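Below are two complexes that have chain A in common, paired first with chain B and then with chain C.
The block that comes next holds the complex of A and B.
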């Protein structure tokens, strides 16, 4: 059932600019460093002994914001596909379970964001190689900096998807989205337990692996809560 | 008789408001069932419950003699629906809209062309639905509802907002469905004339209560003409007629004759005159279906 729903959901996002956004996000993050490094490469290379690591940190400075911004825009786009003409009443009257409908929407977003993260990895590596930052490419760090923020942002994704899929008015998800982006932007000065801070992988927990585990765990919890709410809710 | 839809004491409450109040629908197979009621009477709420979009507060729904609560998914495989305004994806073409549903129903691709032909949208198949007129969107909605060859079609106000030619087209289409495809149709409307031209059975709902449910003929029976006589003493006069075997009753100081043929009226008048009653007026009062509908929905008993 979920496979059929996924095929249908991917068809529905055609011409919505969703895939373009998936590309633009990681491209934008790396482009900022292209500007940064083309303007003051010498200065930046002086800042640390490990040029690759310093470059990755620079790229990562903008990853959380781009990621949360992407989550907010993509969740509201996905929801708007059904909200626009209240296609929910057609979708839920199909012979599919409401849980599968919700899971399918979530999976579409996971696929999109994971694609973005992999693209981020490729673009980061590509420009890093172009910059000629040293012979030993730190592949482990590269993978961590590209994919960990995605895993750490799962609670944010689950929460914004929940809000977008159960809200009758666009205003609520938009407001929540703006708040989410602002919180991510201010992440530096926020307490560690706030989920919008997690994609930055900054905390006093010493090990970024913990953020990933927490992200997956809490993300699953928020996802299940949202799904149960969606299943119980009447379609108006 | 086999019933396609049966509800038992169906109730839906929104807060303190009883939107649907202990409704027992019984929709026989192969009929076009007109579900009639003023706006806000509970039609759409009932239909949403029949499609599993809303959960009943209490009561049960059986479709194809199966419990909707337990077998929702297998029941919905055989149900097509169009609820209120058509639902569609404006950025997709008509064909893509149907394809998005086809992927879920897993019917052969050829069905898309078939249903587009049924609703006469072949020429617009590859145009974006955004550019469609309301009538075309409505027809696309019906095509979507027919895609998986359902046995039951539930249409909520399908002619709402259509122009007269659109209404006629949709009406013809709906009327042809039971005979052509063996589909039972439930169609709701707030317009009696609409139902009168399509339905074979009727249910009338008002303020959440089902106040009439029978064949359209039985409803039309209520619309028969009545002959009223204004006479000196209506009570005594109607009794005098009854004694002589003429069906008459006295109401509001008038005598009502149940048989309206010329000979019956002449006979009744002759009897009254012979018995010495003064006959002031003989009038024919014809009640339209609209009058009956209004009477019923205002809470008057027939």
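The block that comes next holds the complex of A and C.
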């Protein structure tokens, strides 16, 4: 059942620019550094002894923002597919469970965001090699900086999927998203328990691994809560 | 005719149930302000100005442009549902007046957002016990200047919201142009020419100036005025030819 639902969900997002957005996100993040480095490369290389690490930090400055904004846009787009044509009633009337419907939407988003994160890894590596930042490429850090933010943002994703799927007016999830983006942007001055701070991978424990584990755990919890509410909610 | 259309637009906006999103502006302002730690950096200047400089970066670079896009979407949502454009445009009113009324409403909503932000700044100052005199004239310049700088972005977002049924699509375009503004406002060469960076530059109280705004008149007229004319004209002509 879930396989067919997934197939139909991927079919529904065709030609809606969704895949284009998953490409633009990571490309934009690396492009900002292309502008940054092409304008003042000498100055930036003077800033640290470890040029690769400094470059990764520069890329990472925009990753959390792009990720949270991507989550807001993609969840809202996925909900719009059903809202615009009033298709919820028809979808739920099919012999599929509401849990499976919810899971399928969540899986589509995971696939899209994971694709984005892998693309970010490739683009970051590509431009880093082009910049010629040194012989020893820090592959472990590269993977961490590209994939950890995605895992750490799972609670935000689960929360936004829930808001987008239960709101009739898509202005509500997008407004909530704008608030989330401001919180992400101000991450450095926020308390550690706020989920919007997590994609930035900084906390007082100074260990990104914990943030990833927390992200997966809390993400699952938020996902289950949202799904249970969606299952019990009336469809209009 | 314009006033009648405007009245119905205001009515639809009030009935949309989305009026509370205007309150997000002072809420964000309060949140940023409360988290700002002023005591660590007493420079001897007016504490109000210091407070505003901290509050402005998230507000003017990200919040104001993004929220303008959300408001544009809210203003057009009613027509996108169940053939609303067809019904509205079959009335004996010109398309021009519909576009003008929607734009006027959007301008008013952004101005309300700016004024509520000013209120939030004042409240944060009271909470933090700032005793310096409130620099009213400077704040008016900042609030009003930020409003002027947002008008071109509002015109573009209104056009995109009329064009696309989906709420998220115009928002995505908005995001793509807004994120680079974080870098652009720091750049001496590029910043003054980037329309999405103008709200911050025109609200930034750092550069004391005797002019009406915080940026030179040439920049206001060419960058803000120029982009306003382009986006407004594009939206206007697009809407005249839009198939409903």
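Couple of notes before you dig in:
The criterion applied here is as follows: the second predicted complex is superposed on the first by the 236 of 236 C-alpha atoms of A that agree within 3 Å, B and C clash if a C-alpha of one lies under 4 Å from a C-alpha of the other, contacts with A are read in each partner's own complex, and residues count from 1 in each chain.
Rule of thumb we're sticking to: a contact is a pair of C-beta atoms (placed from the backbone, for glycine too) under 8 Å apart; a residue touches a chain by one contact, two chains touch by 3 or more.
Keep in mind it's a predicted model, so treat the numbers as computed, not measured.
Which of chain B and chain C touches more residues of chain A: that partner is C. When the two structures are aligned on the shared chain, A:89 is found in touch with chain B, with no touch to chain C. Using the contact criterion defined above for the overlaid structures, shared-chain residue A:144 touches neither chain B nor chain C, since it reaches no partner. Contacts of A:235 after superposition: chain B is touched, whereas chain C is not reached. Contacts of A:15 after superposition on the shared chain: chain B is touched, whereas chain C is not. Once chain A of one complex is fitted onto chain A of the other, the partner contacts of A:53 are absent, as it touches neither chain B nor chain C. Once the two complexes are laid over each other on the shared chain, residue contacts for A:97 go to chain B alone; chain C is not touched. In the superposition on chain A, contact is made by A:7 with chain B only, not with chain C.
Legend: residue contacts after superposition of the two complexes on their common chain; A:35 is shown touching chain C, with no touch to chain B. Residues 16, 84 of chain A lie in contact with chain B in one complex and with chain C in the other. Against chain B, the residues of chain A that register as touching in their complex are 4-5, 7-8, 11-12, 14-16, 81, 84-97, 234-236. Of all the residues in chain A, the ones that touch chain C in their complex are 16-17, 21, 24, 28, 32, 35-36, 39, 62, 65-66, 69, 72-74, 76-77, 80, 84, 169-172, 174-175, 178-179, 181-182, 185-186, 189-190. Within the complex, the chain C residues that touch chain A are 16-18, 21, 24, 27-28, 31-32, 35-37, 58, 62-63, 66-67, 70, 73-74, 77, 165-169, 171-172, 175-176, 179-180, 182-183, 187. Every residue of chain B that touches chain A in the complex is listed here, in rising order: 48, 51-55, 73-77, 79, 81, 83-92, 96, 99-101, 103-106, 144.
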